[in-house]
Amino acid sequence: MTGLVAWVALAPALALAGSLINGLFGRELKEPAPGVIGSVAVGAGLVLSVIAFVSLQGSEEPLRITLWRYLEAGGFDLSLGFHIDRLSVLMMLIITGVGLLIHIYSIGYMAGDKGLSRYFMGLNLFIAAMLVLVMADSFLLMFIGWEGVGIGSYLLIGFWYSQRENADAARKAFIVNRVGDVGFLLAMFLIVKTFGTLDIAAVNEAATSLVFGSVVVTGIGLLLLLAATGKSAQLPLQVWLPDAMAGPTPVSALIHAATMVTAGVYLIARTAPLFAWAPTASAAVAWVGALTALIAALAAFAQTDVKKILAYSTISQLGFMFAAVGVGAYWVAIFHLFTHAFFKALLFLGAGSVIHALGGEQDIRRMGGLGKHLRITGTTSLIATLAIAGVPFLAGFFSKDAILAHVFNSELVGANVVLYLVLLVSAAMTAFYMFRWYFGIFAGQERFSDAARADLHESPPIMTVPLVILAVFSVAAGYLGLPEFAFPNWIAAWLEPATLSAASFRHPAVALEWVLVALSVAAAAVGLAAGYWVYQVQKGAPAARLGDGALARLARGGLGFDALYRGVVVAPSEGLSEGLALVDREVIDRGATGAAATAGLLARAATLLQSGYARAYALAMLVGLLILVAVVAFTGVLS
Amino acid sequence: MLTFLILAVVAIVGAVGVITLRQPVHAALSLVGTLLTLAVTYVTLEAHFLAAIQVIVYAGAIMVLFLFVIMLLNVQGDEPQPSLGWLRPAAYLVGVLAAAAIALTALLDPRQLPAAEVIQAALQGGNAGQVGEAIFTDFVLAFQLVGVLLLTGIIGAVSLVQRGAAETPEAEPASEAELTHA
Amino acid sequence: MTLALLLIPLGSALLMALLRETGAQRLLMITSTLATFVLALGLPGDPGVSWEWIPGFGATFSLDPSGAGGVLVLAASLMLIPTGIYASIRIEDRRGPLLALLLAMQAGLNGIFLAKDLITFYIFWEATLIPSLLLLGIWGGDKRRQAVLKYLVYAVAGSFVMLIAILALKPLSGAASYHVADLLAVTPGLPATTQVWLFLGFTLAFAVKLPLLPVHSWLIDFHEQNHPSGVADVAGTLYKVGGFGFFAWALPLLPAGAVVVGPWLLALSAITALYAGAVAVQQTNLKRLLAYTSLSHMGVIGVGLFGLELAGLNGAMYLLVAQMISTGGLFLLSGMLHERGKSFELDRYGGLARSAPALAGVFLLLLFASIGVPGLSNFPGEFLSLLGGFLANPWWAALATLSVVASAVVAVNLFQRLFQGKEGGPSWELRALELVLLAPVLAGVLWLGVTPAPQLDRIEFQSRVTVASLTRAAASDAIPAARGSLPGRER
Amino acid sequence: MVATEYYIVLSAVLFVIGAVGVLTRRSAILVFLSIELMLNAGNLALVAFARQWSSAGAAVALSGQGAVFIILAVAAAEVAVGLGILVAIFRNRTSTDIDALSGVRG
Amino acid sequence: MTFPPLLDVDWAVLLPPATLLATASLALLFSLSQRGSAVTVNFVYLGLATASMLNLTLFMNSRLGDLQTGFGLRYLADHPALAFNFVILIGTFLAVLTSQGYLRRTGLDHSEYYPLILLAATGAMVLTAAGDLITLLLGLEIMSLAVYVLSAWRQNSREGEEAGMKYFLLGAFASAFLIYGIALIYGATGSFVYVDIAAVLAADGFGLLPLATLGGMLLLGGLAFKVALAPFHQWAPDVYTGAPTPVTAFMSVVVKTAAFAALLRVFTIVFPGLLPAVEVAFAVLVALTLVIGNFAALLQPGVKRMLAYSAVAHAGYLGLAVLAAGSVGMRAAGWYLLAYTFMNVGAFAVLTLVTDRDDRGDDLERFAGMGRTRPGLALALTLFLLSLAGIPPLAGFAGKILVFQAAIEAGYLWLALLGIVTAVVAVVYYLRVVTYMYFREPEYDLPNHRSRATGLAILIAVLGTVLMGIFPGWWLGLLEVGRIVLARL
């Protein structure tokens, strides 16, 4: 495909260029130049994405752009290229759209920071990598983006590296992600071994030629799942995301809520045919998602950091998406991804606005009653909270309901009900902890200090305008995917050619479908009501009573996963590493010394014979002669 | 056979004397005895010319030289204090083994001695003329080289001894390298 | 032109030894390294040379830039530009000889990479020992003499045994000469058992230089004790030619041996990769840490080589090329850091990113390159190496892939210790000149990371020969017999 | 006539006695004397073999005796040099103990 | 009365050694009227040059295919022998150059020195070309007697006395073996001439193989002593240490060359007819030599003594060539010996300039920092040591691959492996000196001897070491073509 559309290939390049300009000439750039450059780069990307989106309106054929030959090794050769289909273009819109808003927001949020150009360098780098990730036509290029976003994330989490915790968090995120990357690498190896290519489309096509549910395809699926859990902070690799909140809040909004963490979902959706062929792997995905959703929701209950609540919420919501892809409801997952991007970004930006207003305060216990001081922030945050809680007619309602319905209707007979219940409970919990979050910040008593009050101010328009825009989407986005059984569903139709919605679902009676809708509304309502009762009516007293219980402590610490990993993975690894270092120093190195000592002994033995006495030398000669004769005699006898 | 045995015993006794007698002069004289016995043995082996040479050159000239040096250096016997005590038994052991090896090999393939006439015809008693012919035909190069060898020996011996006590060692420091830094 | 790649550095080395004046030395260094690099760029397609050398013995003097060797020469000559110039600025003590040795080293390396005759190869292989020894021995640290001894014994023990294998190769196979073409015609036809023993002979030399566990301990001391400028480390990094030896000589000439011994070495390489990564985590000295890191890379290279797959062979060579540049760059940077902080102990640093953002940025970029971040130099090689290993044996390759995590831990830990944390350090920003010097390194890292295909094609040109040879050997039924004769064969 | 082998055995015994003398005597000059004994053992063997080789004609037989003559000359030259060395070294010493000359070792 | 057939008396083949003999006599006569040898030495150079020219003529003839022998195959001036003659001449020349300044400096300048050197070289040439056992014996004795005297040249020095005494007594002891061996071989075969012996041994129904083999072993013992193969080597370190350094250099190359040439010839012509196990027995000697020589050198505190042991070790490497025997072995040994001559004499020549006048002060510590204080000499010594260690592209390397290749081709892979493993040790002790010279700071003031002649010797040795390493084909090519007496013609 040629023409204007081909320029879309430049989208990542533009972002990269923005990153390079900020990186190389950062010192020369005066504020707000870095932000402007970064925003322009992303804005251009948005324009290009829209062009691509438009061009794909009429066509189901993906847009393929070949860049250049990258590798060529034996059986498989690989050119870098973009494969832009309806799925990717949707992702691109999210990335550049939400990305643009967050860039603009950041101009305000980060104003005055010394590392501004470094900040935008990282942000643009991230956008570039993320675009590459979603546009890639091969696993390899996707992996390039995959690692690229990881690096962007690393750079931005550790943006304020002077504090040890921040650097530690960045390090943790990087390492945990790297574990997932091992899965990605191994998956690629297995794919090459099996299919002889890394082209995603080709692999998807070829996957169905294998035996259904065979070990190989299941293996690939599980390895890809490992990769996805790393990037998307799912069990068992979810531990890095709460810590990642150490980064600037817009970063959390963009990377750790809207885009990067959804890469795992995207990966599985991208390889939908393959997963459809690997039921075991798919089931694993679903279970991972459901359990993560539940556990993260639990953990979210006990957090006191405004951002950490959101972080666990993100993990939980990603769990929903995983559950969706796990049961084969790919478009549903993408739909939730889409809506979640808006309201979660909005929540983070709202939180950022609050933090900004309070001069860096992040503890929910020292907030409250801010709704009347920060009207725009409060209102938009309320919308987002309602959206994520699944209140009807807001975006989150539609997408979450679709997930619940599809899980219930999925063919995982028996298990589907359990999964459904788990997710339903999680949904209710979501509503509960989100209201805890909202009430804690915006309603109730003002618990912040007087010093903070003096400085209290609503954020400047450059920050609030993005909030408003996101709020609009948080409401509107849901209408792209109204329940299928009753309404036209644009997003399902749009994604159909890209994700193979072939996975079959039962189609129960419409009445049952309505019951399911009612149940999810009820879940939201229960959560909401409980949240209202506990935090608004009782002023948090029931929670306070639980306050220091063991369960609460456990939940606050992310249900002990960190401690568990420290004990089971980190400490043994460190022990092993120390042990090996010791072995290296004491055994292998000593071995060399030992050999030298042996040579020294031999040398001494050789010189010992040299006694200095001529008569002894003569004896040696005579003995030598006898040796000669003996050797000859014995060899003669032997032969 | 009896002659041989007597000669052999005398020769061996003389040889043992060389390696056992304490006084160097006695040892040297014991060797002279062996050498003379060997000269007689040569005669029994139809080598008259060599027998004569053995007496004149070896037992005569060479041994006189030895005795002269023994006197000159006033050589005493072996030092009384033992050193390398282990060497003696080892030497005997090795010696026995070596002698056994040579003797066994020699006895392995006994050969018939040619008839006396054949020996007589070939060696004609090993007179000077006969040997001389061999020396000036087969060994003409060797004969020349013997000359070179003797020349070398003379030059060598002279150069060693001639410097004699006249040579004064150069006065030089024990070590020319001075330690500059410890 | 191929010959010029030897003669220019060698001639410059001789001239350098005579020059007394600093300016002249620098000028010569710049001219020589640039000229060599430019020539190396023009290598593809050059016919090379081949002369009779020891006629009765069957040795020729043959150089040929086709294949992986040409790429390695290119990378090496690229790295020597900043290294040489930096040395000419940084080194005060006996500068002329040091520069001369660097150039001699370059000549030797080019010879190793370009040699197409086994004897020629061996000569350069061994001759390169001397400049690297002298660099270590004269300009090294306090414990340099032990390091020299260790390095010497390891290197020589390995390569001397290889010499016997080389010498035995011709009589056993009846080859017309030691030229690779003559050898390739007959040596793969040797009985498998013979090949195994000869291969083991080569292995000893190459495994020491690669290096693999457990013959790696020289490498650590070598790096730790070399001059703090890092100049000699770069030269030493270039010197890890064991992988190339396997690739260019041992595998194609003795395919049956490779097929039998390869799996064992694959396992050993995988263990090396992970082991070195794990040990690197514990290091508190920058140079030791870098040494273990590069040891880990070498394990990955081994995995690529001994998978005996085309992808892995390509990848291993490519990683070798990339590693030269990325790790070399890190050593140079550590030299620059040492100039400022006078120490390699990590405890002495921290929070440098604020005062020296460019230093931090370049350092991070090279670290990322070195741990195989895609888009940077090491990734294609690492990917293909592990892939090649995976195709042969998924389990060991998976183990080696875990080293990816270890190297990430090492990298981010290192970066954190040096550059993050407490603020208010001294102003240690890179000078403009240093940035200019690092430019070729960065360019190389990006260039190799973004478009690996052209260089990979050159490498593959050679790997195809190897793979063809290996395939033929694997198909023959002599292998199982040889496998049974291998010592320690499990039953 | 006595068979050649007996002479060879005799010569072997003399040779070995000479060799043992070299090993056991500590005075340099006595060591030298022992060596002379060994040389004579060789000569005896040659003469005995020369008689044996009469079977192959005069030339072969006489070459053995000629060789003895040459070896006598070799012995004489050796004695000249050897005694020269002895004199040069032991001139200024009280003893000719060669074990005293064992300072260079190791 | 039957006369033996008339012998071909071809005196022309004797021209090179005869020239040296004549030069020796003239020099001796001339030097009687001189104090010191400053002028006499020019005679020596002239004689060496003349001998070289004559040798060259013969050499060219032999390349063209003339088989030049004399005295009924008792003197074999064939191609290898003439090649070895070149090695001897070059070795002698370098030794004389090294001696020049040394003698004056040490007060050892006595008129018989050069004549004795030339006589030793004469003997060496005879030994090299010997075609029968008697000629072999005489060549060996001429050479040895001269060298006995030279090694005791420094009187009033304990080491010198020890050297002379040990060398002479043990040498005579070894000669006794040799003579006894000759007697036994004669007893078994009735001849002294190699080719005749070979013919008798090869004849059907030969029944005295054990006797001949025993004789061969005794012969081997005598020759092994001269080339210093273990366990017949023990004299070598002590004598090399005690003899004046130029004499040590001379001994280590010229004596070794000639003895190896003789050994090779015996091994090639005579030994194949003996019991096959003889080769095994010799291989055992070589193995012992490689191990003992290299390991004993490892921890020597003195450089001169280290080089002495290294000379023993190199005898082991040459032994590998001997095992290969035939034209392959001769070629390898001929190449190796020339290379060895350059590097070894070179190393000793450097030693003469940095050690004390009494040859002491060769401790390793004193070489510390020599790279700074005496850069030129240090560089030269480094080259020699690297070459001795067999590091390419120096001469020692090409020599090493030639002898190892020869051994492998002859089926002695195990011995080659042993050789190479011990060569690792060798690298360590050679480079230990280099590490002292370059990797340590100077601690001592080395004596600053200067001698133009020695400098020239070092220069020639450096050129030889480097050029032979880079262009090994030239000398190898010369060794290649031409006829060799291998067996009965």
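Here the chain labels run A, B, C, D and E in written order, and each chain numbers its own residues starting at 1.
The rule is short, and it goes like this: a residue touches a chain if its C-beta (ideal position, glycine included) is under 8 Å from a C-beta of that chain, and two chains touch if they have at least 3 such contacts.
The structure presented is a predicted model; accordingly, all values stated were derived computationally and were not measured.
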- Mutual neighbours - chains that touch chain B and chain E alike: A, D
- Query: Any idea which chain sits dead centre by C-alpha averages?
  - Reply: C
- With chain centres set to the mean of the C-alpha atoms, which chain is at the far end from chain D? A
- Item | Comparison of B-D and A-D by number of C-beta pairs in contact, larger one | B-D
- Message: Can you tell me which chain lies farthest from chain B, using the average of the Cα atoms as each chain's centre?
- Response: A
- Computed distance of Cα centres, chain E from chain C, in Å: 42
- How many Å are there between the centre of chain A and the centre of chain C, using C-alpha atoms for each centre? 36
- Query: Rounded to the nearest whole Å, what is the centre-to-centre distance of chain A and chain E, using the mean of the C-alpha atoms as each centre?
  - Reply: 77
- Between chain D and chain E, what is the separation of their C-alpha centroids in Å? 26
- Message: Residues of chain D that contact two or more other chains, please.
- Response: 4, 8, 15, 18-19, 22-24, 26, 31-32, 43, 48, 52-53, 57-59, 63, 67, 70, 74, 77-78, 81, 84-86, 88, 92, 98-99, 101-106
- Message: Where in chain C do residues touch at least two different other chains?
- Response: 149, 153
- Query: At which residue positions does chain A touch at least two other chains?
  - Reply: 607, 610, 612-616, 618-619, 622-623, 625, 629
- Task: Using the contact rule from the top, write out all pairs of chains that touch.
- Result: A-B, A-C, A-D, A-E, B-D, B-E, C-E, D-E
- Note on the structure: Seen from chain A, its contact residues with chain B in the complex are 613, 615-616, 619, 622-623, 625-626, 629
- Inside the complex, what are the residues of chain C that reach chain E? 52-57, 59, 119, 122-124, 126-127, 129-130, 133-134, 137-138, 140, 144-145, 148-149, 152-153, 156-157, 160-161, 163-164, 167-168, 170-171
- Complex contact set, residues of chain A against chain E: 599-600, 602-607, 609-610, 612, 614, 616-618, 620-621, 623-625, 627-629, 631-636, 639
- Query: Can you list the residues on chain E that touch chain A in the complex?
  - Reply: 162, 165-166, 169-170, 173-174, 177, 213-214, 217-218, 220-221, 224-225, 230-232, 234-235, 237-238, 275-278, 280-282, 284-285, 291-292, 295-300, 425, 428
- Task: Flag every residue of chain D that touches chain E in the complex, lowest number first.
- Result: 4, 8, 11, 15, 18-19, 22, 28, 31-32, 35, 38-39, 41-43, 45-46, 48-49, 52-53, 56-60, 63-64, 67, 70-71, 74, 77-78, 81-82, 84-86, 88-89, 92, 98, 101-106
